[in-house]
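Letters A, B and C mark the chains as written, and numbering starts fresh at 1 in each.
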Amino acid sequence: MSKSKMTRGLLLTFVLTLVLSGCGGAKQNQETGSEGDSATDTAGEKVTINMMHLWPAGSSAQQNKLVSQIIADYQQEHPNVTIKQEVLENEQYKNKLKVLSASNELPDVGITWAAGFMEPYVKGGLFAPLDDLLTGEPLKDKFVSGTTEAYSMDNKTYALPIELNISPIYYNKEIFAKYKLEVPGTYEEFKQVVQTLSSNGVAPVALGNKDRWTGSLWYMYLADRVAGGDTLKQAVSGSGSFDDPGLVQAASEVQTLVDMNAFNKGFNGLSNDEGKAEFMNEKAAMYLMGTWELPNFTTNPDIPQAFKDKVGFFKFPTVDGGKGNVNSWVGGPGVGLFVSQDSKVQAEAKAFVEYFVSKWGEQSVTTAGVIPATKVDTTKNELPQLYVDLLNELNNASSITLFADVQMKPNAAQVHLDMIQALFGKAATPEQFAAKHKEAVEKGN
Amino acid sequence: MDKVMSNKWVIALYVMPSLLLIMGIIYIPIVLTGYYGLNEWNGIGSMTFVGLDNYRHLLKDTAFWQSAGHSLLLALFSGISLIGYLGIALVLSGRIKGANLLRKIYLIPMLLSSVAIAQLWLKIYHPTNGVLNSLLTSLGVENPPSWLAEPSLVLTALFIPIVWQYAGFYILIYYAALKNIPESLMEAARIDGANPWQIAVRIRLPLMSEVIKVTVVLSVVGSLKYFDLIYVMTDGGPNGASEVMASYMYKQAFRSFDFGYGSAAGFFLLLICLVATYLIRKATASKETIQYS
Amino acid sequence: MRTEAVIGAPPGRQYPGRLLLHKFGYTVMYIALAAVALVQILPLVWLLIFSLKNNQEVFGMAPFAIPAHPHWSNYVTVWSSGNIGRYFVNSVWITAVSLVCTVLLASFVTFAVTRMKWKGSSLVLGLFMVGLMIPVHSTLIPLFSMFNKLHLTDNPLSIILSYVAFNLPTTIMILLGFYYALPKEVEEAAIIDGCSVNILFFRIVLPMTSSVLATTAIINMIYNWNEFIFVNTFISSDKYKTLTVGVQNFIGQYTTDWGAIGATLVISILPILLVFVVMSERIVEGIAAGSVKG
């Protein structure tokens, strides 16, 4: 009896100390933070920062190691700070974030996606603005221009990107050589390539469209090349319309490709992993995917070097008479770090995010093959040629159109993804495709 | 006798802990789900009370009704498959050589998690190097179908692994029920010259009628709220051709951030289960429970 | 128990022609049974082969083709990355505790509902049945917020309570069918002999239902062992997570290590396979043994 009372008393004091120290620490850190250097905290009050991310040690060993190393370094420099990690895989991560936010229990630091995905969280006041970090010394002018905008709403930035991707069409040089094919510069030439491959019994393009966003990349590019990036952007934001003849034409081009057997058999029932396998096993000649696949074509030890040597890339070709240009890409920042608005250790969490993003930027390409959203010095690092080439393309990009399912608000994004599958499966006409999109965008959620 | 068997304290002691537990863990969420369904809520921040709007919308939502149709079809399919499981259990419980080993082997797939079963069947249905299409090709079938990509085939293609997944569950229950029938009853029938078929139909099946009723309810309710394999294998696609009520509910709540609407769909699913259970109980109600005599 | 002929009726009483037909029938039946057995064991074989492949081979080779160089390294990967030992221990004890609680509590309820006389017994039964009908995703947000208020998040108790509560309805339903079929005479005799209800329940009814208890125990074990949604939602510390988390360890943001997932699945199926074989023996003994002793 008395023993349990004592334990409870102890526990209470302990919790109180934690809470109080959390508050005290926060104030102190804000002061030092404003002076521009948070690294020289007065050590003392213990602070625990909870961080949730999606790089399990098994599947994302390098990312996981890098995170742990940055955390270890940070704790070394700030002995009063302990950072606790919770790791979940992608899908489970998103679900848990949702459940946590309903109870207002978000971790102090976590991973978010840009634009439409984060909007409900920002509107609900769950994410803290991070604009002061953008002007602070470690991160000032470090981001590739345009990347932080994807995370800003009402002129405030609510997360800092740590990933940047563009989507080239990877192709198998050997298969191209075998059928005497040239890298297509225009969409007409591309269709020629598709025709030749298809008539020779080779699947021209690897696609797993069960995941839907994979097919969305094709539509996005065609929409960009035919109607231009601005038309697309306006249609998504609601200031334009999906009725635009260019956008409808893009949708019907998708179906033309389907009719030409441009995609591997059964694509609508295959996951991206299964679709990708068609390219990796050299059954399909091309694969449109983000630069996150680069490790598979360069550094991944499980993939035979002979295959890696065969992989090249080209930019999505231009359409004759279309408004898009060849240096405009579909892609954008992938995940970013947010700080919870209700975090008891918000100031410390922000300081950690600042440290994390800058360290991540220095090392992520070389150690994990992840292109960060901060500028990468290609001359300083030893990188595989494919990386160097694509980083150069990234620097020359005229514009980057954000992935549709990230750009749109959650409900509209779901409608988009479902309609993509219907379009590819020829269960919807281009006009129906446009109408459903218009309806969803107008609904505004 | 009656006095001992109606001791209120004993009853309370036996029933209350479980009742309190499900009240807390199951009924609170049920009530809250019903309540969320009356609100417009994206799961974050404050809710807006909208009365029955979500339900009204749901009644007009063709995508929901399509998925409800798929769920009902699955329930029917699972219900019918019980006959097959009953047959297997009857055979296994008969006095045949090796029944013990066979039974264990038959039940092995039920130990596999949904993750494993989904991967297995994805490999079976793969359009080019899947087990099924390789077999069809070697039999001379040209251009066999892409099972999970054809809207007209996908539902049937999914029902087979779902029903198979639960085979072990029901065979196990039936087997245990059959083993529970006293040997003496069958011995007597055998002496009277009854053949195994007659013994099965006249003695064994009637004695396990309660168990059969229970499994019908379990399989129908389980099918109506089924989610796992569909989510992994097709994610409801293509174009909603394999969407079921639970996956639709999940998408609304967790992907479209329409938690109010998703909850309404979840609550509606519960109501459909209730009606189905009521109908089953009514259809199978017998005036007297069969007892050993 | 008995060492009789395989067929029910003694063969001497039958005509030779019928006997032949009979024999033929049994041969066909055995072939069919063996074929089904083969089909049922193939998934396990497939899983083993799957666990020895890398991604290239998982997608590139026929499902049952054995790779030229089996990747036993998948198992090394699984054992060396993450806290698989810790997860394993957690899975074992969480599964066991939930299972024992569920089966015992469900037996109490079923006994009270089917054997004892009181008003409201069918209402209570109905309350439990409704518990079958709620989709799990509807419960996550309310349950999390409740556990959070009770400070039970990141506590194994939250998953144990959830497992017991969500398995009670199914377990009660299964027990129900069996309790209805229990002969009343035994307990009548016991009560007349002056047994209390508790003694009747523990000494007579529980042993009599041992076969169905084994059945429900197996079903509960499989469910608890494979469950991951509650674990992911309610638990955040690595030290309380279970084996299903091991599978997710190999699912990445963009790529998934399928071979390692296969190896994890093989490792996690072995213990329940073992327990299953042992427990399923209990079913065979059935009511006969119990009632004779009673």
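Note that a contact is a pair of C-beta atoms (placed from the backbone, for glycine too) under 8 Å apart; a residue touches a chain by one contact, two chains touch by 3 or more.
This one's a predicted model, so the numbers in the text were calculated from it and none came from an experiment.
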At the largest C-alpha centroid distance from subunit B we find chain A
Counting contacting C-beta pairs, the top-scoring chain pair is B-C
CA centre of subunit A versus CA centre of subunit C: separation in Å? 40
Using CA atom averages as chain centres, what separation in Å is found between subunit B and subunit C? 15
Between subunit A and subunit B, tell me the centre distance in angstrom, where each centre is the average of that chain's C-alpha atoms. 38
Residues of subunit B engaged with two or more neighbouring chains: 43, 254, 259
Which subunit C residues touch at least two other chains? 60, 141, 258
Return the residues of subunit A touching two or more other chains; collapse runs of consecutive numbers into ranges. 95, 98, 102, 274
In the complex formed with subunit B, which residues of subunit C make contact? 4, 6, 8-9, 29-30, 33, 36-37, 40-41, 43-44, 46-47, 50, 60-64, 105-106, 108-109, 111-113, 115-118, 124, 127-139, 141-143, 146, 161-162, 164-166, 168-170, 173-174, 176-178, 180-181, 183-184, 188, 191-192, 196-198, 201, 211-212, 214-215, 218-219, 222, 225-226, 244, 247, 258, 261-262, 265, 268-269, 272-273, 276-277, 280, 283-288, 291
Which part of subunit B faces subunit C closely enough to touch in the complex? 1-2, 4-8, 10-11, 13-15, 17-19, 21-22, 24-30, 32-33, 36, 43, 88, 91, 95-97, 100, 102-117, 119-120, 123-124, 129-131, 134, 169, 172-173, 175-177, 179-183, 190, 193, 195-196, 199, 207-208, 210-215, 217-218, 221-222, 224-225, 227, 245-246, 249-250, 253-254, 259, 262-263, 266-267, 269-270, 273-274, 277, 289-292
Interface residues, subunit B side, partner subunit A - complex: 42-45, 122, 125-128, 146-151, 154, 234-235, 237-240, 251, 254-259
Per the touch rule, the subunit A residues reaching subunit B in their complex are 94-95, 98, 101-102, 120-121, 123-126, 210-212, 264-271, 274, 283, 410-411, 414, 418, 421-422, 425, 427-428, 445
Subunit A-facing residues of subunit C, complex: 54-56, 58-60, 77-78, 81-82, 140-141, 144-145, 148, 153, 228, 232-233, 236-238, 248-258, 260
